[in-house]
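Two complexes, one shared chain (subunit A), two partners (subunit B, subunit C).
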Partner chain A sequence: MLNLNRRDFFKLIGAGSIGTGAGFLLGESMKNPVELLIPYLIPPEDIVPGVATWYNTVCNQCGAGCGVMVKVMEGRAKKIEGNPAHPVNQGKLCPLGQAGLQVLYNPDRLRNPLKRTGERGSGKFQEIPWEEALTTLADRVGGLSGPGASDRVHLLSGRAGGHLDELFSRFMDQLGSRSYLQYEFAHPHNLYLANKLLFDEERLPYYDIKNTQYLLSFGADYLTSWLSPVHHGLSYGHMRQGRPGRRGKFVQVEPRLSLTGANADEWVPAKPGTEGLLALGIAHLMVRNGHYEGDDQDKWSRALDEYTPERVSRQTGVDAQRLASIAEEFARSRPSLAIGGGTAANHTNGVSNLVAFNSLNYLAGNLQKPGGILFNPPSDSPSLLSASPHKSQAPYARLLALMERLSKTKDSLLLLHHCNPLFNLPDTVEIKAAFQNAGMIVSLTNFMDESTMMADLVLPTHSYLESWGDDVPEPGVGFPVAAISQPVVAPLYDTRAAGDILLLLADKIGGDVRNALPWSNMEAYLKSAWKRIYVEKGAVIESSTFESFWKAVLQAGVWGETGSKDAPGVRISGKHLLSQLAYEAPRFAGDQEAYPYILHPFVSQAFHDGRGANLPWMQELPDPTTSVVYGSWVELNPRTAMHLGIREGDLLWVESPTGKIKVPAYLYPAIMPGVVAMPIGQGHSAYGQYAKGRGANPIQILAPLTDVKSGALAWAATRVRITKTGERVEILKTDGTPRELGRNITGKRITMIPIDASPGELASNRVTGPNKG
Partner chain B sequence: MSDSDSIKEKWKKYRNPGYQDKFDYSWGMVIDLDRCTGCEACVTACQAENNLPIVGEEGFRSGREIKWIRIERYWDGEYPDIKLRFIPMLCQHCDNAPCEPVCPVYATYHNQDGLNVQVYNRCIGTRSCAAYCPYDARSFNWFSFTWDKPLDEQLNPDVTVREKGVMEKCTFCIQRIRQAKDTAKDQNRRVRDGEVQPACVQSCPTQALVFGDRNDPDSAVSKLAQNPRGYQVLKELNTNPSIIYLKNL
Partner chain C sequence: MSISVLPALDASKKAVGIFVVGLIAFVIGYWVNRNYFSDATPVQPIEFSHRIHAGENQIPCMYCHLYARSSRVAGVPSVHKCINCHKVIATGRAEINKLFNYWNEKKPIPWIKVHDLPDFVYFSHKRHVRGGVQCQTCHGPVEEMNRVTRLASLQMGWCLECHRAKKVENGRDCWTCHK
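Up next is the complex of A and B:
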């Protein structure tokens, strides 16, 4: 172990080039820094008082993989901004990404390894030294590995991109277990499958919102939660006002107006689950009106024959005239683009809906065209750039299988890594029972969340701002991109990076496992992996040595292969589409009589799938469409509410066939009368002081229906009934009056006149308000 | 000349066209509502940059929240023909700021850059300025807020942490402006267009917010302000805000 004190540490940092991060010294060396004064006479490079050093790294708050730049002053992280050089977010960043500082400095961070002392789930833990924790675990893992380990050793991780994913698979391979899964609630399984069915590509293409002229979005909340919201934000701004004289039109189809929908020119509420039918109705009209010019027109018109405007209008609830105008505009605008996500892609017919949306792109000729769908070219560097965060992601069906194995096998071991299945899976999965039966549960995480409460051993990890890692953004941006995340500050507590923990374990287990994973820490592992890329891509890399390449990538925060060619090998033929086209009606859990409303859960911007709920900034960020803070609510159409005699703040039971939760009512003027909506994210029973005991979690009461084709949880397919509890609470919200009342604040009544600079003209052009003469 | 005449005289001068030209800079912002999606990235950016307190659930319940920028949203119409419009609202840095003449201690005044600034040390907490602000842009510190340790590690050392009894509001990130001006002065030049970006502008994913010097006719702000979609909020009050909104189409 390197014996470094704080002063030497900072000196060494100073000797490195600017921006290469504190990280290259970390690992074993910085566990207990000796507090010494910093020599300000000749201050080290990044310790000039009042002068900030910026380090590039990668955001880990959702799966988009934005590059971030962290402002560090005197060894403390002060602010996170987007990395202007990163092609995904180009210097911009969403609220959740900016709140990453509160992951790092959260008062509820786990600081020491913990061993369970009370009953499982009682939350009674005792601090133990790392050595003891790792030895216990290594003994256990060593004993369980070998033939048949797939039944005994399981690793369930949240999203882990790049080489951490690879390290996890290698580690599990060595143990002889194939039970390595990743689970994220919002992972678009259905979208991947639809792409595979249609284009033989199990990757996400690039949706060129930026250059499109007509965007038709079926439920994709692309500005807050769908795929890569910050990148979509950049694209959206450009689509609207970035091209002089051309303003892209945007139509959103969804049962409840989302933030994205609020920005649309037209909002089309269609009955939940029938979005695919609506798309086929549009396709029918496009073909019938001669907008499709391919030579298989006959086949298409036969395949689409049954989706007449009358039928589609009757079943979707969208007016036939409106259907016709959308079809006409979609076909005539060049280029146009249809996308789908959110609840539209997460009914029992999610995949079939997505196929229908893509048929519009095919018919309008939007594939592989700017402003349409562009396929991301795969890299010819096999080591990294073909990595996809999708390959380890488990759909719901596989998680069920895992839980079953846990309940049936004796002496099993479950490793959790930044994953909270107890919060992110419906109650019907009976995870608690499965966990109770597990031989041992070990959680590698930052916070005491619901699942970690059930653990026997808790190994606190570095936050992402203290760890090494890398990431390949998915969806890509049209050319292969990879980014390295580096520690930007010294670790605050006695924690270890997840990768380091695995490598330490491998070392303790010894034998083949150690030989297969010989690296001393994550940084060394990462470097060896990137060395392979350096060798494979040597021709296009300018740096003369690996070290200079590595430093350059760290400094820039990102490396991209801009010179790469177009996507080869993508089959764009109508045949695949035609064979998959048939519409399936959605199924719902619960009988319509007993459960009259369809529950529309939505991934909230601030909390994502619930991970942001322990960040005070996110709790205090008003929900963009309701302005509610600190809590959750269920949205009802005011008419429905009037009918039921419900006022805002009435506590309601929202009851599905599989469970019920108590949540206050909010009257939301832009939701279909048969639908009730709830944000995902609140309702934690653990997860620290800011999250615990606030609101309710709609995932709990979701019925266990899955997509027919993908096996992913159909989280939009639950019916509920609503009953009043008789209690009332105050919903905390920041808005004043929700209407403008003639004050003309948003300028909608302003006629287009140039701004007049002089006060004289100002007076003469005075806008006349309702109270003025 | 009587007192009232002299005040009138000064007032006229103050309101003369071209008055701003005498400033070193005249910082202003253009907010394109056709780009703004209401995502609130600016709100968090501002909170991080300017050490805005975490007021807690009880703070919100008693209306003690402090935000320098917020997204106001307004419904228009009824289901199903309903629209939701967003507008970022922050201190408008009015040329004729109603908050300024009412402060008994000159805690809020116009500085040489045309900014409406708040001097925390002078503020005695009469809250008159907040009462006079038609944009509801000012927040009062009813308490000395604290940060649960170690959340205070994040605090920006370039910005004062305000105490109980002080009014605060958007400064256009004056610390960033100062820094840019210092750098420019060292290099014997003016601040370049785009060199200063307040935190909200920096973070905006759709680039709806643009900041710059209105005295420079070639700046992005000056050019955008000529856009026929431009308007000022509550223009009829003659506050002449430094923020030009471009109306949503």
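Up next is the complex of A and C:
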């Protein structure tokens, strides 16, 4: 090695330097990345770094109005939990509520006002400053206001509760337009109307599931989506397990077994749309067997005469014996409760069905009784009452009228607020035309959804965690309750609260509009409204000044006037029930020959009416009955599937008389053979990276049939046909096989042990395995 | 016919030699990095001296790191806090001028973390301070340092050593620190 030549020398030098370099770099790579420690310039007094502050506010993910507490550290929201002090959810929260953080931090949030630059619907927008956006809009709105503005200026909002609703009304009144509506796909229009017809009360009563002994639910998926699922979940738990020695019985009537149905003691699949008839059949038996002893017994007997068990059994497909046992149990159990929702309330005879369900409650004496239906007392404070969220909600028929006016009037203006009609309405010609022909569309929203894509001007709003607002939960809890939602974090982006935008517009329009809406921002408006409540309810409020009252409500997250009260406005008489009782047969769109299956869309727990589809947590949340994630599916009975030669994962065309969608098959044994079911919520063509282009939207192919009484969209009244596309996909789901494979998981051979069994009985009723059985 | 293997052997010997030189150089390179370019003593944006503040002037640790008793993190003093004193004390010095530059531009000082734990470790100053652990136990004699240097490894073994010695309740439970 000593006789080193020049070439070897360089090789050694090279090896030495490369080695040193590599060693140095290894040392470098093992270091932790440089982390900075950024101090506050001036420390905020209420923040201790590393210590969380919990702020109470109201969840806005669905209409139930649960109270939430948000964990905030260093000004960032980190976790959402239920507010234990709120009577609706009592500290509990559903997954959609938990995912509110992903609304706040969603990367697809709109951050600047946008102006359309390309063709309408092309999705080409340009960022503009707020000043320009508001001036443009104020000029336009100001120019269109005045006599006849109802035809020109329209405000269509998603659910806006409390005083935001009132602000919207005031604003539109000032412009001279009466065209302010709210639209929500899952809003229970028919339930409101049924209550109006029967009890003269256009509010939701309190269904006391908690204290009932026998719950008969017609299609109400109350554990996942119906009205106030978190509250119902609590009540359900109490009904089943909260009373030692007393376990309420629960029977669910629905064509497809939902999560709620899976919890029932008995699942009764009745032919879709005939649920009301089934109820009348039960009523018939109750009266005939002498379980009803009111003065109007004869009238009831006559009215129910035609609903004989034979007829009902034939038309509903429910066994006569089962009918008799349900009638007997329902009548004998005290208290019992019949509720209705979901598809049972959304056929063309939805209202009529709901009337029939309520007749059961009347006959069994469940009205205004614990464990039955309790009517919420009207608040004696006009300010609180005015915050009822239903009055602005529009059924489908009224919405169509708005669309027509929008389409036919020159220079019309549509203001959208957190509303996505292009996703949540059937894909009909009128709606498309209205969006094409509208003079100007302005969308106030968080995300670029399907309807906002068509807008000319997009005004990004604060998320609900950054906004002021208030809410009166509906259905109520038996006593007056209202809650304030407060911003829990400072706005992340250059957005404005919807209320603030309206007040800024009023200021810019000037004149009477400004004088009528003089508040500087939503917070000021809200405070003035709550000052009225403070004055009106002064007698029961303990706080000595308004400021201390306001602070106390913010701190608690809710204000309620506890103590049971009567509901004097309610009229409980059999006369009205009898006059509305006649059963109407459901109508379906599509001929039975050409479209042999009834489409059963259902509101899913994760996406609600589709608004949750842009939240990754909701996408990866397995559906509670099928365990499918990240997509859509259509549920077929295995017998139907066998008949059509379909296996799980076959891509199918689901075709209605008005449209068709492509969706993979999922074989579900707990669905009637003549029914196919699809979850609502997927199938977005916009709405951000997590929602777009995933699954299919069943609302799109719904026929525009409406309930004959309420005009609400009859979203369960569409027939479809199923054809194979020839393609196959793998359905993503977290469970393996639907079969037990001999593991005795469902306990088919387990002997049921009575709850009040003695230890001796317990010992004798031993669990038997499959081999011993 | 005979084939000589010697030239090949000679070539492989050379290759081994080059490899060995490379290896030794590699170790040296690594050692130099660890000892002379360590990240235990980062250069801070302002040459703040703990020796002057905590040592000579006897300012208690928690005068500036005021959350150590009440929060997981000890907290760095806000720029406002520095300015409060330095409006009158030691004005005009180069490093103090730097401080005022930050203040005038309304920018926080981007201090570099000396003691940093990964996100999967839950550590609470509050627990340790209230449990009577001296700051110096983990941070070393900061009051003697001009530029703060990390003496402890902050590795799990190092934590457990102390937890064991002090017989900390649940101190060896995984969930105590990894939760």
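Simple rule for what comes next: the second predicted complex is superposed on the first by the 686 of 773 C-alpha atoms of A that agree within 3 Å, B and C clash if a C-alpha of one lies under 4 Å from a C-alpha of the other, contacts with A are read in each partner's own complex, and residues count from 1 in each chain.
One rule holds for everything that comes next: a residue touches a chain if its C-beta (ideal position, glycine included) is under 8 Å from a C-beta of that chain, and two chains touch if they have at least 3 such contacts.
For clarity, every value in this text was computed on a predicted model and none was experimentally measured.
Once the two complexes are overlaid on the shared chain, A:Leu93 sits against subunit B while remaining clear of subunit C. Of the two partner chains, subunit C is the only one touched by A:Val48; subunit B is not. Of the two partner chains placed by the overlay, neither subunit B nor subunit C lies in contact with A:Lys575.
Applying the stated contact rule after C-alpha superposition, one finds that A:Arg302 touches neither subunit B nor subunit C. In the superposed pair of complexes, A:Arg111 makes contact with neither subunit B nor subunit C. A count of residues in subunit A touched by subunit B and by subunit C gives the higher number to B. In the superposition on the C-alpha atoms of chain A, the part of subunit A touched by subunit B in one complex and by subunit C in the other spans residues 50.
Interface of subunit A with subunit C (complex): residues 1, 8, 11-12, 15-28, 31-32, 34-43, 48-51. Within the complex, the subunit B residues that touch subunit A are 15, 17, 32-35, 37-41, 43-45, 47-49, 54-55, 57, 60-61, 65, 67, 70-76, 78-80, 82-87, 136, 148-151, 153-158, 199, 202-208, 225-226, 228-236, 238, 240, 244-245, 247-249.
Residues of subunit C that touch subunit A in their complex: 13-14, 17-19, 21-34, 37, 39, 42, 67, 70-73, 75-81, 103, 106-113, 116. Taken in their complex, subunit A has these residues touching subunit B: 50, 73-74, 76-82, 89, 91-95, 98-99, 101-102, 104-107, 223-224, 229-230, 233-234, 236-237, 240-241, 247, 257, 259-260, 262-263, 267, 269, 492, 605, 616-617, 619-622, 624-625, 627, 629-630, 637-639, 669-671, 673, 689, 730, 732, 734-736, 738-740, 743, 745-748, 750, 752-755, 757-760, 762-763, 766-769, 772.
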